[in-house]
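Below are two complexes that have subunit A in common, paired first with subunit B and then with subunit C.
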Partner chain A sequence: MQPPAEEQAPDRLASRQELDRAAALPVLLYFGSGIAWLLAGTLLGVAASLKFDLPDWLGTIAQLTYGRIRPAHLNVMAYGWASLAGAGCLVWLTSRLCRVPIRRPEWLIASVLLWNLGVAYGALSILLGYSQSVEWLEYPLPAAGIIAAAFLLFASSILATFRARKVEHLYVSLWYIMASVVWFPPLYVVANLPIYTGVVHGAVNWWYGHNALAVWFTPVGLTLAYYFIPKVIGRPIYSYYLSLIGFWAFALFYNWNGIHHLVGGPVPTWLQTISIIASVLMVIPVMAVAVNHHMTTIGNFRMLRTSPTLRFTVFGAMSYTAVSFQGSMEALRTMQEVVHFTHYTVGHAHLGVYAFLTMILFGAMYYITPRVAQWNWTRPGWIKAHFWLSAGGVLLYVAAMVVGGFLQGLAMNDAAKPFVEVVDLTRPYLTARTVSGILMGAGHLVFALLFVEVVLRRGPRRLAPPWEAGGAG
Partner chain B sequence: MMFIRLWLFFAGVLATLFLGWAALVGVPGMQLASVAPQQGLRPYTYEQMHGRQIYIREGCAYCHSQQTRAEGFGSDQQRRWGRASVPGDYVYDRPHLLGTSRTGPDLWNIGARQPSRSWHLTHLYNPRSVVRESVMPPFPWLFVEKTEAGPEDVMLDVPPAFRPRAGVSIVATREALDLVEYLLGLDHTYPVAPGAGKP
Partner chain C sequence: MNIPPEVLLLIGISVCGSAVALAAFVWAVNTGQMDETESGALAIFDEGEPEGAQGQATGTGRQRRRSD
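Entry: the complex of A and B
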């Protein structure tokens, strides 16, 4: 099955331009604010990492202590950058796949405003000392409520567009979009209820923490990869039936993964065991998706040189395979005994949220932005620089954290080693992480400048579709 | 839809989310609802609760876990971090602070392992003043500098190199004292009641 082909018939082209124009304002608002949060989150992340190298740096400013900027980094990146950029991509994609202009654009604009308000309120709350100190759920209830409302506005626009669709066949990307917009609101609301105590709260925490990935962030990445890989290459996805198996196995197993974050902890052993089993079962949907994506790509690798969208997306799709297999292995008790509580987990998280999701978001935004803005990218050399800074940065990040974290775990399990030696051992790896953060940050700056240039219409006007104009899509 | 009716698609999708919730939250919630506090576990005092709020505010949980693993799984027992923790140890914890990182050591029994209030205060003021290799952040805003300390003031024994200037006393605020009260109260070394272990 194929995403609607970019037929060259003039009426089809005109109708697509109409769809893109209708989605332009909300999409650019989602993208623009997402990128602003990306820059803020990068600063927080690099500062947090630098504090391991220089623990007394900014040491007298309470609002900038490690224990506050680290959760601020995570939340700004997750609910600010990835969620806003992802929502913008889904708005555009839903309209394209349903072949109707996006419905309720004014709700989307309200959603962007609320979303930004919620992310800013929450991030400032953490820095000012009002965090809930529950990972992925640090935001105080009012901020979480604002984000939930923003998501509902976004979801209702997506669902309204879906209801008005003018297509018979529903492409696989649409399944993931429809699933995630009905999954995320109940998940987020139930997890935020202030009713849990003790180890049950720990279970709720990680049921949510892993499911935020399962029902929102990962579907966003997969839906975009499913769309853009066949779209840019111009051939159908490898197997329709594999996408079916992939989707339902994903929906069934991913939901049960969360408690692998508490292996060896005070929660019931059976509970840890089912999460470990579900984590291993994730191999099934991951294989299905991997075969589908990679078999579609195979034989077309030279297109990675010409299409930035494809280059970022294929890098992301490969990282998805890698991070998923790593996760299945990591959940096993033998591995958890070593790597739980270490920087290894942080490396795994960045292989997922950055090397997979963020790279795919970049790829999608390189495709969507010029189409909605009606203005082309400038400076292809900068786009290349962005790719290599981001890709190189995140590979260095993951390598440093995975190796450093594993050694940290081995040393921690050797009771003959005093704890300070374990801390000392990780230092060079943490310094490498700071360097990798600066590389990625430079890439983000390049990307932000390119985006601003398109929005301010500094480059060439987009008069013709890219296959005629040689645009950078 | 492409392969089934649309309502069935949405029902199926919501069912998968519900099943996951039931397995990971619903059933364990019921199983653990009847867990009684461990004998020997005391509710937090007012000061300890306040200290716990400071612990939450400063994000201590991002580097310190509060859960101890059993013999044969990691080195917690050999490091004498305390017996494996059980659900009944946590009944007063809200929010939970189990933690997922041991950039610093586990703190579930820090009160038993390091019972010195003055060590904790100095360590919080600047960790490197007592542990040279530490990468822990300093928390000077939990202290005030005074040229003349009053009779009630708790003064810190900070090495000269870590003092902002000579001739001033560094005095713990209520926040620092309560945080240390909380840390000293983290002592779950009492024996587990028979049959009250991990389900």
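Entry: the complex of A and C
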């Protein structure tokens, strides 16, 4: 038996609790507002999906037509939920990995307020009809400017903490965090500049669209997986060497991928070919991550039953492998001929942003929240329900969209088939999508209630809370 | 050849981004971040939360520790 941590190393424990206390307010603000946007975004997403089943529903209210609520859903989920929850996780993790209290916490609080303002401003603008009509960049300039300022405040706090670090060696997670905070701000600012026209605008659109995944959303998910899988299991990452190769290959190949969204479009063919090659080369860093996480977890799969953090994180890490291989294949011209402009792509997007990123964010929040709130989760059954609703929901979503989208693509390539037959063909799959959205939404509601309960310190205080014990969550 | 100014801007930004990556890589090699990869993997553990201490399970009502 391992002795209780208090007797074993009082200094280290005190310092870990200090770190959590210093980060508590900003982290909980990031998490709380992230979860609020998750609920709002779910509502928009389910409503958008429901319009395929009931085409006349809300059809007479311009602000609630499909063309507005779908981009509002995307932006609220990306810049509201995933970005705010991710930023909160990175604040906490940077402090842990640098072993110093987070620097400039007041800048972080300002960042949360601005960020929420920007997301709300942008979402309302889209609903009122002031969208920029460029996917992932729909927010009008003032909203984008506010979000950029919020991100810079966040980045400056992370960089200040990094510079004050008390460690010699930078753990692989820190590499991903640093890459995000250094590369995402210039990317976001440059892509939002109102100077592009024509084909260049299309190229910039997808250069941004894919690099937002490359330098922000994916690194957030990977950095958390690289920390929490070995941490919770209590076993170092299988091959640290491989993780470094993975990081540098990722940095080298990922930023070329964006133009694969324009295969068959009016951009130069050589540009499309380079992008397809780079998309396939992504197999290298993805294999590195997949092998590493699998070999670290192997032999400890029973822990998936007892640790919610590990259950969500491992589900997310497996989805990362799946979505990446799917993406590499999807970039090929033969595949594009079938799946371009179909629901298949929508399935791919949700496998990435939900099954990979969102599930890992849930896992990280299950670990971080009780430590910063100094109050443990109270309802194990609810946590299980949240996992199965989210996991089951997204698996149904992806299966329906991938199968339905592929059949839709084949049918659309058949010139003899009337378009309305293709629409009819997709209907059962779209109904399955609405059902899956409702399942995930129920999971989000459960998670939100659990979060509120922990933050308000309601419910019975549990034995051996995680911030006192030696282990992880 | 007539290259539009916004394309020059994009090329410039890309070159800067790559330069940052190259500088970070050179820095990492020179400061020994690429050596000692075995100890690097242990950076997430310490005396209070050592290697081998399995995670206490939040949300299950049970506590799991390795009993060796």
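Following the convention adopted for this analysis, the second predicted complex is superposed on the first by the 453 of 473 C-alpha atoms of A that agree within 3 Å, B and C clash if a C-alpha of one lies under 4 Å from a C-alpha of the other, contacts with A are read in each partner's own complex, and residues count from 1 in each chain.
Criterion: contacts are C-beta pairs under 8 Å (C-beta built on N, C-alpha and C of every residue); 3 or more make two chains touch, one makes a residue touch a chain.
Everything quoted here is computed from the prediction, not taken from an experiment.
Colleague: Superpose on subunit A as described above, then tell me if subunit B and subunit C fit or clash.
Modeller: Here subunit B and subunit C cannot both sit on subunit A without a clash.
Colleague: Which partner chains sit in contact with A:Lys231 here, subunit B, subunit C, both or neither? Use first/second/both/neither.
Modeller: Once the two structures are laid over each other on A, A:Lys231 reaches subunit C alone.
Colleague: Taking the superposition on A as described, I'd like to know which of subunit B and subunit C A:Pro370 touches: first, second, both or neither.
Modeller: A:Pro370 contacts subunit C only, not subunit B.
Colleague: Identify the partner contact of A:Val200: answer first if only subunit B is touched, second if only subunit C is, both if each is, neither if none is.
Modeller: It touches subunit B and subunit C both.
Colleague: Let me test your reading of the model: by the given contact rule, A:Leu97 touches which partner, first (subunit B), second (subunit C), both or neither?
Modeller: A:Leu97 contacts subunit C only, not subunit B.
Colleague: Touch test for A:Ser275: subunit B only (first), subunit C only (second), both, or neither?
Modeller: So A:Ser275 only meets subunit B here.
Colleague: Based on the superposed arrangement, let me know which partner A:Ala251 touches: subunit B (first), subunit C (second), both, or neither?
Modeller: It touches subunit B and subunit C both.
Colleague: Tell me the contact category for A:Asn192 with respect to subunit B and subunit C: first, second, both or neither.
Modeller: The answer is neither, since A:Asn192 touches no partner chain.
Colleague: Using the touch definition from the top, say if A:Leu310 reaches subunit B (first), subunit C (second), both or neither.
Modeller: Once the two structures are laid over each other on A, A:Leu310 reaches subunit C alone.
Colleague: Of the two partner chains, subunit B (first) and subunit C (second), which one does A:Arg16 touch, if any: first, second, both, or neither?
Modeller: A:Arg16 contacts subunit C only, not subunit B.
Colleague: I'd like to check the shared interface: which positions of subunit A are touched by both subunit B and subunit C across the two complexes?
Modeller: On subunit A, the residues that contact subunit B in one structure and subunit C in the other are 169-170, 178, 182-183, 186, 190, 196, 200, 204, 207, 244, 248, 251-252, 255.
Colleague: Where on subunit A does subunit C make contact in their complex?
Modeller: Against subunit C, the touching part of subunit A is residues 1-2, 5, 8-9, 12-13, 16, 97, 167, 169-172, 178, 182-183, 186, 190, 193, 195-196, 200, 204, 207, 227, 230-237, 240-241, 243-244, 248, 251-252, 255, 300, 303, 305-310, 366-367, 370, 376-377, 379-380, 383-384, 462-464, 466, 469-473.
Colleague: Spell out the part of subunit A that touches subunit B in their complex, as residue ranges.
Modeller: Checking each residue of subunit A against subunit B gives 51-52, 55-56, 59-60, 62, 65-68, 70-71, 129-135, 169-170, 175, 178-179, 182-183, 186-187, 190, 196-207, 211, 215, 244, 248, 251-252, 254-256, 258-259, 261-262, 264-269, 271, 274-275, 333, 337, 340-343, 345, 412-415, 419-420, 423-424, 426-427.
Colleague: Spell out the residues on subunit C that touch subunit A in their complex, using ranges where they run on.
Modeller: 4-7, 9-10, 13-14, 16-17, 20-21, 24-25, 28, 33-34, 36-67
Colleague: Using the touch rule from the top, collect the residues of subunit B that touch subunit A in their complex.
Modeller: 1-3, 9-10, 12-14, 16-17, 19-21, 23-25, 28-29, 31-33, 35, 55-63, 65, 67, 69-70, 73-75, 78-79, 84-87, 89-105, 126-128, 131, 133-141, 198-199
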